[in-house]
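Below: one structure in structure tokens.
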Amino acid sequence: MSTRLVWRDGDRVREVELAREADGTWRVRVEGSELVVRVEPAGRGRMRLVMDDRSVLAEITAAGERRFVQLVSPAGATDFVLDRATQRRRKQGAAGGGLEAPMPGVVTRVMVAVGDAVAAGQPLLALEAMKMEHVVRAPHAGTVRAIAARQGEMVQNGVALVELEPAPET
Amino acid sequence: MSTRLVWRDGDRVREVELAREADGTWRVRVEGSELVVRVEPAGRGRMRLVMDDRSVLAEITAAGERRFVQLVSPAGATDFVLDRATQRRRKQGAAGGGLEAPMPGVVTRVMVAVGDAVAAGQPLLALEAMKMEHVVRAPHAGTVRAIAARQGEMVQNGVALVELEPAPET
Amino acid sequence: MFRSVLIANRGEIACRIAATLRAMGVRSVAVYSDADRDARHVRVADAAVALGPAEARASYLNVAALIAAARQSGAEAVHPGYGFLSENAEFAAAVEAAGLAFVGPTAEQIRAMGDKRAARERARAAGGPIVPGAEGADAAALERAARPLGFPLIVKAALGGGGKGMRVVHDRAQLDEALDSAARVAASAFGDASVYVERRIERARHVEVQVLGDGAGNAIHLLERECSLQRRHQKVMEECPSPVVGPELRARMTDAALALARAVRYRGAGTLEFLLAEDESFYFLEMNTRLQVEHPVTEWVTGFDLVRLQLEVAATARLPLAQEAVAMRGHAIEARVYAEDAARAFLPQAGVAARVRWPRAPFVRVDDGLMSGDAVPVHYDPILAKLIAWGPNRGLALARLTAALDGSLVHGVISNLPFLRALARAPEVRRAAFDTEWIEREFLAGFAALAQAPAPEQALAAASIAELLGLAREESGDGAARAGAAPTPFDALGAWRQPGLA
Amino acid sequence: MFRSVLIANRGEIACRIAATLRAMGVRSVAVYSDADRDARHVRVADAAVALGPAEARASYLNVAALIAAARQSGAEAVHPGYGFLSENAEFAAAVEAAGLAFVGPTAEQIRAMGDKRAARERARAAGGPIVPGAEGADAAALERAARPLGFPLIVKAALGGGGKGMRVVHDRAQLDEALDSAARVAASAFGDASVYVERRIERARHVEVQVLGDGAGNAIHLLERECSLQRRHQKVMEECPSPVVGPELRARMTDAALALARAVRYRGAGTLEFLLAEDESFYFLEMNTRLQVEHPVTEWVTGFDLVRLQLEVAATARLPLAQEAVAMRGHAIEARVYAEDAARAFLPQAGVAARVRWPRAPFVRVDDGLMSGDAVPVHYDPILAKLIAWGPNRGLALARLTAALDGSLVHGVISNLPFLRALARAPEVRRAAFDTEWIEREFLAGFAALAQAPAPEQALAAASIAELLGLAREESGDGAARAGAAPTPFDALGAWRQPGLA
């Protein structure tokens, strides 16, 4: 019996199929290639993935939908952030992205109102954090359906800020 | 409204009476003397006791019945272990002590059997831990009523090992 | 010595100052904003005073609240750390007006050095080499004065810092617009539209000299630091000594630094920044009148605690050591760990760092302000920690720093650790073949490609297995993190030890 | 260099060796007993192999299991650490017979130095000063031979170590019984009843010299260490350099150490222990043929990583540095943190260390093997960590060590931190006025009185307030600790912020 998991990896959607064999090893299929790994304890919070010719330490921390993954081998440490790709988020991603807060911060300006027609690239609102200002722009032309943030409000990373209905293709 | 707490502090029994005033300060009475303290946050796991002329950082960790207490002031850090003095433990303490494991370890020898009459100072059993042997001796003459440990068994600090009924006073 | 010192800062530098105070037996007083109530710098201090709301303006930049906190807590001196009010002359003046010692230079010295154009003049007067430049009352005059310099030029704000308002101009056609734009930025950022121009030194390195003055005209130096590894004029890795400075050049640079420090009768610890050209000519850039972020590399190589030296000068107005006592041993390199997403334009990050682990290894020092479960507020500079490694030579120091970066873990908030790990392994960094623009010119594109590559199968496998083993429980995220727990798949479930699972 | 090294040890020393391997880019292989499945030394290694049941005999002392683990993991060398099999000639021989490198001396050298009486003979042959002593085939012969020595005397087991079987004899009347008793202890502890006697040097200090040999007759020294602060012949605090050794005495002691190391063609890192009398005469005590617990003080003062040097000698059979490269800078002091109850006869402790915090401060190093939630098993030496502080002089090093001890927290298991804090503050320690018996003769009684005094009201108040604020919940003990949480009164309840509570 195998299980399928879908991850968001940056802008990509990654599918993983995995099954545990009778001898305890895991068979993990990622986009056509297959890993056979034995999982060993490596102290609280860590596991060791043992493969045929090498092994790697892995440490995973959950933070909301995100999973922080660190791999450590003699070649060094690498960090990744994967996201449980829910239906909602994948749809948003497909719509062009750019409407979520790219960083946590304070909304300093809201430059559009609900009902406004906006052009692709038009500034929608501005966020400020740690001395940096970031302007959120429309990824495509469309109509503003909802604005989820007010001026002065603090927002977290990844929070949806503006709902934008795409203009009918011409 | 005040609350009374009883602590075991080494061989002593200490009583604390404490009440919270309307202004949030605590009034703590320990054996006749009284402290008036304000409690401030000092980060997760720490509090600051602020008194008239000084303040001290306190950090408390629970481990079973025991409370580990660290106090830190500019003069340095000090550590204490207090015990929630339950009725059972206080009674045992009153009976003379010495029948609990003084350290965690492995019971290497049991030198008495249930029903044996023993003299004060007679070896009852031996514990070994980290290369050290410790012999538990009878604190007073009496009769062995129960033995809670077997040879080869691992016991934790403070665990009752032998129940000893005092010999009638002569 | 003072009996009690207020630390007017937060984060790693507040913790680091508190450590020296504790070793000196001096009571430390922390201050905190509402966002930092549970922060590590509050936990390590002997006393702590609330300043006000999270925004820096209302807390760590709030002069009145800080002076009140110092008075209320019985502090005798104020250490400003770096950033915030550390180079604010009004704050220094207010501290001294309140009858407290300011652990730093006089208000006048801060003011004089804070005006970059005036500082240039003082450096010139002290015989220091300055980049050929030009000034002018207005754009037209400036343009005329700049003509003999040739191109490329840099336009700078007189009161600027951190690269803000700086513009590089490659030819005559760009100059007008650049002067105009720089003046606008300067006016809005620093409240003064004054700008000046300097000749641009190509492929220059940033080398700075640490000095310590007694305020009466005596000063010593504590060697130089190499800080050429920068991104957008922000230092990323620093080292001591500079790998390109030999004894003769060191003597010339430290002499120049001391001439200026003595000329202004500098008090306390300060840093003279120089541009070092490929031909070993060097030019005064600016003076930082405070402790630098990168001071630990100097501490390790010289063996002196700079915070302690600052406090001793502040308490006694005397230099606590002679120049002869300063010797160089080995090599130290520092890497700055920030909460920023290097894969996405280095956007600053904030949130709860659910799990944090810093390395412990021989010859490695970590100055941190963050432990598992701590918050990274959105309001402040996102520095999390500094890793410093020492070795008898540069190669060994860099190898240890690389291992220390590999041994670090920050989960819950995205950090620049992947960027630092890649940087420490770059051949140019190993060879010390870089200048202040090398990262942006040659390193960043390759790193960005790497950072945006798909996660390897092993990472997906590990995350997926952890998910099936029970990590998916939502409470193991923020909730547990706030309670000080380090959430892990194994904590929740012992089942993975049973071969029969799934 | 080796590509992969197995670390045949556990705890802080296994972690410390792994750190050097990581900085060298060498793959580390940990081993663990059933009790150490989750231990820190397992978490930091690149690979880990299970050895067997918790008892040391079945795991860390199990030669066959260790050799099998090394083979299975592809290790090319074995580092034994200290303790366990580090001075076991059979293990060293088995490692080499398996075609692996043993990071240490040859089996013959271990065997020769392991017989204390034979080692004395070798030291005498190499011209080294030895304590006047006597041997004899039986008690009567020994007694006759000992007559010229006078009293007091010490009776020692020939194969002994760590003070086991040692007896002090103050006059003729005690001698027979002491010889008898020492022989009995020696027979049962070391499997050999041989004993010998030495003149007792009064108020002696323990000073040892670190050497490094190439196995071909070349050797260098890395200064001396002062280890006089002992309790029952167990070192408590160690420092480098010795505060009573000047250049002339240092030259004499290191010369004597090198003469012996060269005479036996010593391979790897080793330590020659000397008794130093008040008149600056010194006597060979024994040689430890392994890394010492206290090696970090030498590392800091010389700037060399001793584990790296060991590996380089093992890999190349050459000395990686010349004597001229060894210079002394400043002063370093180490304190050993043990799980033992100093207030109750130093009984060893075990359990779950629910909350652990080690300090981070400039010029402080911590070699630890324990984090919050880790178990302290009952089966092994209860060392938890070592705190090491450096300073340009001894006073500053000691001040930093004191602050580091104050900044340490071990909750859930009783540690000797209170003992170490009191010791670091003792005037005799500050003045360096102590000998190997000073702690027991003069310090312990006062400390015991202090340790057994009633807890102050503030401690009772803090514990009681915490209790009322919700700490009393039983699950915050072991359960939460095992899940990696740091249980605290504030985690459970935000109510304390409300002034109206209770």
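As written, the chains take the letters A, B, C and D, and residue 1 is the first residue of each chain.
Keep this in mind: a residue touches a chain if its C-beta (ideal position, glycine included) is under 8 Å from a C-beta of that chain, and two chains touch if they have at least 3 such contacts.
Predicted, not measured: the structure shown is a model, and the values here were computed from it.
More contacting C-beta pairs link the chains of B-D than the other of the two pairs A-D and B-D.
The chain with its CA mean position farthest from that of subunit D is A. If you average the CA atoms of subunit B and of subunit C, the two centres end up 49 Å from each other.
In whole angstrom, the spacing between the mean C-alpha positions of subunit B and subunit D is 30. Between the CA-based centres of subunit C and subunit D the separation comes to 39 Å, rounded to the whole angstrom. Of all residues in subunit D, those touching 2 or more other chains are 22, 25, 402, 406-407, 484, 486-488, 491, listed in ascending order. The residues of subunit B that reach two or more other chains are 41, 44-46, 72, listed in rising order. Subunit B meets subunit D in the complex at residues 1, 3, 5, 7, 9-10, 12, 14, 16, 18-20, 22-24, 26, 28, 30, 33, 35, 37, 39, 41, 44-47, 49, 56, 58-64, 67-72, 76-82, 84, 102-106, 129-132, 134, 154, 156-157. Interface residues of subunit D, counted against subunit B in their complex, comprise 341, 343-344, 347-352, 354-355, 378-382, 402, 405-409, 411-412, 414-415, 417-418, 421, 425, 452, 454-468, 471-474, 476-478, 481, 486-491, 496-497, 499-502.
Subunit C meets subunit B in the complex at residues 22, 25-27, 37-40, 42-43, 46-48, 373-374, 484. Across the interface of their complex, subunit D is touched by residues 15-16, 19-20, 22-25, 44, 296, 299, 303-305, 307, 329-330, 358-368, 392, 396, 399-400, 402-403, 406-407, 480, 482-488, 491-492 of subunit C.
Of all residues in subunit B, only 40-46, 48, 55, 57, 72-74 touch subunit C in the complex they form.
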